[in-house]
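Next come two complexes, and both contain subunit A; in the first it sits with subunit B, in the second with subunit C.
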Partner chain A sequence: MTGTLLAGLADPTLDSQRLFRAALEALSRPGRIVTLPDTLPDGPPAPLMPATAALALALFDYETPVWLDEVANTPAVCDWLRFHCGCPLVTDKAAADFAIIAGALPDLSDFPVGSDAFPDRSATLLVQVAGLEAGGDLRLSGPGIDGDISITIKGLPDTLPTLWEANQSLFPCGLDLLLTAGSMLLGLPRTTRIDRRKE
Partner chain B sequence: MPATDTTAPADTQARQRWMSVLAKAPADRLAALWSDLGDSPDWSYLRRPETGMIMLRGRAGGSGQRFNLGEMTMTRCSVRLPDGRVGHGYVAGRRQDHATTAALVDALMQDEAARPALEAAIIEPLTLEADAKRAIAARKAAATKVDFFTMVRGE
Partner chain C sequence: MSTQLPTQIPTGGYNFAYLDEQTKRMIRRAILKAVAIPGYQVPFGSREMPLPYGWGTGGIQVTAAIIGPEDTLKVIDQGADDTTNAVNIRSFFQKTTGVATTEKTREASLIQTRHRIPETALSEGQIMVYQVPIPEPLRWLEPREGETRKMHGLAEYGVMQVKLYEDIAHYGHISTAYDYPVRVNGRYIMSPSPIPKFDNPKMDNSPALQLFGAGREKRIYAIPPYTSVKSLDFEDHPFEIETWDGACAICGATDSYLDEIVTDDTGGRIFVCSDTDYCGERVEAGHKGADDEEKAA
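What follows is the complex of A and B.
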């Protein structure tokens, strides 16, 4: 065990329920930025953000293989996840149920997207971004959104709409994204359409 | 049944021994010994006490095939001292204070300097009491022992 292990949720039962509710809210109302409650007395292990770490504690357990990108894959994070979640950490993207992406967006095509019979057997990616703001040049539409909604996502490549179109073409299969910035969360389920607002 | 893994390094074996004593100690007795010790150090929870089930496994005759003996209730807890030392308590039953105290004693006993005092104040009395209890149980069982012998058959 390296360094000091940080504590988990202050109240494991109620906090994980609150966090799960927040994740549900984020995925059922895409484009709405949800602020997660402050649940980590010691803060997250670097380089995870508070929202990423809190969601990890609420969602991961011994049955969910987790893939970490090279930025998130530090001994502190690995020890912390193993201790609190007991989740297997995998190096093969195809075996992952969840992924934590703290650096640049990797090639998304290797993650499992489910099958037509079991579209739920796809990966959910927790992606840390530099910032989330309501309003901006990305236009989201689809189920859970009344009309369309504008959003700014800082730190994702400009090619996001094209990348996302590839994911959407797989429907009902596909990946779901949970974007985190600080303690903010934005859900991007596979049903949401993204395009760039034309000036 | 040996409580320690004889292939593990010496310090691991020592820790396994005291964790085993703490796990099986009566909760009230441990609480009494702990409060006799006086000042409790500064500490915080790493994992709050939680109660669950574990599958107990045994070996036939102590060295044979592994088999599942049955499930039992246990409570676990992890604590952290200000210097970063982590103690784990895995105890029989559903007493949360028992698990917390066991984890604290485990954390404190990892300090070589504090170990002899704790060993004398907590682990030794608990070991002696457990041994005495086991001896009484063994004696009572021995009193009911029946020896069977095979008659020599005239061939």
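What follows is the complex of A and C.
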């Protein structure tokens, strides 16, 4: 590790709190795009986006094994996560509590989805996407949403509704997603239904 | 890593909000999973707090994990802002976070409660934190944790319906008056904490996020906003809330939950709103109590 290591949160206590509240807002009100506060003095290590990196600092620690996809798995990211979070980095998806997905969506079936008795023992995936916009062709409904809400997610496969249906059918087991784009965040808990709006 | 708290935040020598950062992260992760699985009790590593179990340690830990300098905190105990438990928890957070506190339901962003939901309707952006003594609604019917966990996993809730049925067979009605079991999002049966069943309908489709913390039992659970919360009942014995013939002696409210207060040792008693903020607001708005109106007449 040389002088290239980027700084962590400027204020570890209050910044973590703000970031967590944003994550809580996103997961408890799916479909609402939350903008995270600017908390990284040096910016995120490439190829992480500001939102992804900030959430990692707020949520990861030595208790949470983290899986990185091929794109995110760079020495800079690994060193940064190890130094600031102290989290174990694992190569086995089944061992991960969190995952950072910066490239194409991998096969989701290997991540832990919990068990009927302990559905909370499931992975939370931080997925970087090209863009998030309010309004659009994806209609979300379920707990946390008053009626339904439309959004656009850029950079995820068109098969997302089908993929997500498979995840939903596991309920109460399942994966929870935090989608990031720049400093924006969208929560997709396992309870959210996704339909493609038919014109 | 040293914490750089702005100097204007006095925290009484403790970390912001008392708990250490690693504990807060652990609780925060549990809260996120709780929100993702509405009504499911997430186990968490409950810490020793500077007050005994049973005094709201679960609620305090949840509040400590989420509270920030921008929050305005309200704490109620059975609806009242001025009772021992509420006063002490409020001053605990004043000391350890320096956040603004209020007694007004409307002004609060964070409301920690023991056994009541405010009468004033909650709004988006507010978070309710409930103190929970026994988080497991099936515990009195099945003492084994392994079994209740299996029952939740398989949604095998027949035993709860039988219990409610037995009430009807014995008393002609469902006799549970508080901690009345609910079904969240059509799946998990959940204990709403010992709120009167009068408050159960307020949980259904609430715009506020509701979090529940049980410190001794080490469980956290949640109801996201706009989530269906149905009190269990039968088609021919639908769920009903309590009603009163009288009105509040102070503000004359007939739509709020009333406490009976003994006023002397000769059997004198009055009924007053359990929600002190609601009662106070009504008095300020010029409403008169049932007693005052009698005197005036």
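The definition used in the following text is that the second predicted complex is superposed on the first by the 197 of 199 C-alpha atoms of A that agree within 3 Å, B and C clash if a C-alpha of one lies under 4 Å from a C-alpha of the other, contacts with A are read in each partner's own complex, and residues count from 1 in each chain.
The definition used in the following text is that a residue touches a chain if its C-beta (ideal position, glycine included) is under 8 Å from a C-beta of that chain, and two chains touch if they have at least 3 such contacts.
Computed from a predicted model, the values in this text were never measured in an experiment.
Trainee: Is subunit A touched at more residues by subunit B or by subunit C?
Mentor: C
Trainee: So, A:T4: does it touch subunit B (first), subunit C (second), both, or neither?
Mentor: first
Trainee: Which partner does A:P12 reach: the first (subunit B), the second (subunit C), both, or neither?
Mentor: both
Trainee: Touching subunit B and also subunit C: which subunit A residues?
Mentor: In subunit A, residues 8, 12 are touched by subunit B and also by subunit C.
Trainee: For a test of understanding, state which residues of subunit A touch subunit C in their complex under the given definition.
Mentor: 8, 10-14, 16-18, 20-21, 23-24, 27-29, 58-59, 61, 63-64, 97, 115-120, 122, 124, 143-146, 171-172, 176, 189-191
Trainee: In the complex of these two chains, what residues of subunit A are touching subunit B?
Mentor: Listed in rising order, the residues of subunit A that touch subunit B are 1, 3-5, 7-8, 12, 41, 83-84.
Trainee: What residues of subunit C sit close enough to touch subunit A in their complex?
Mentor: 1, 3-6, 15-17, 21-22, 24-26, 28-38, 40, 42-43, 65-69, 149-150, 152-154, 185, 187-188, 207, 209, 222-227
Trainee: Under the definition above, what is the set of subunit B residues touching subunit A in their complex?
Mentor: 44-48, 50, 78, 80, 84, 86
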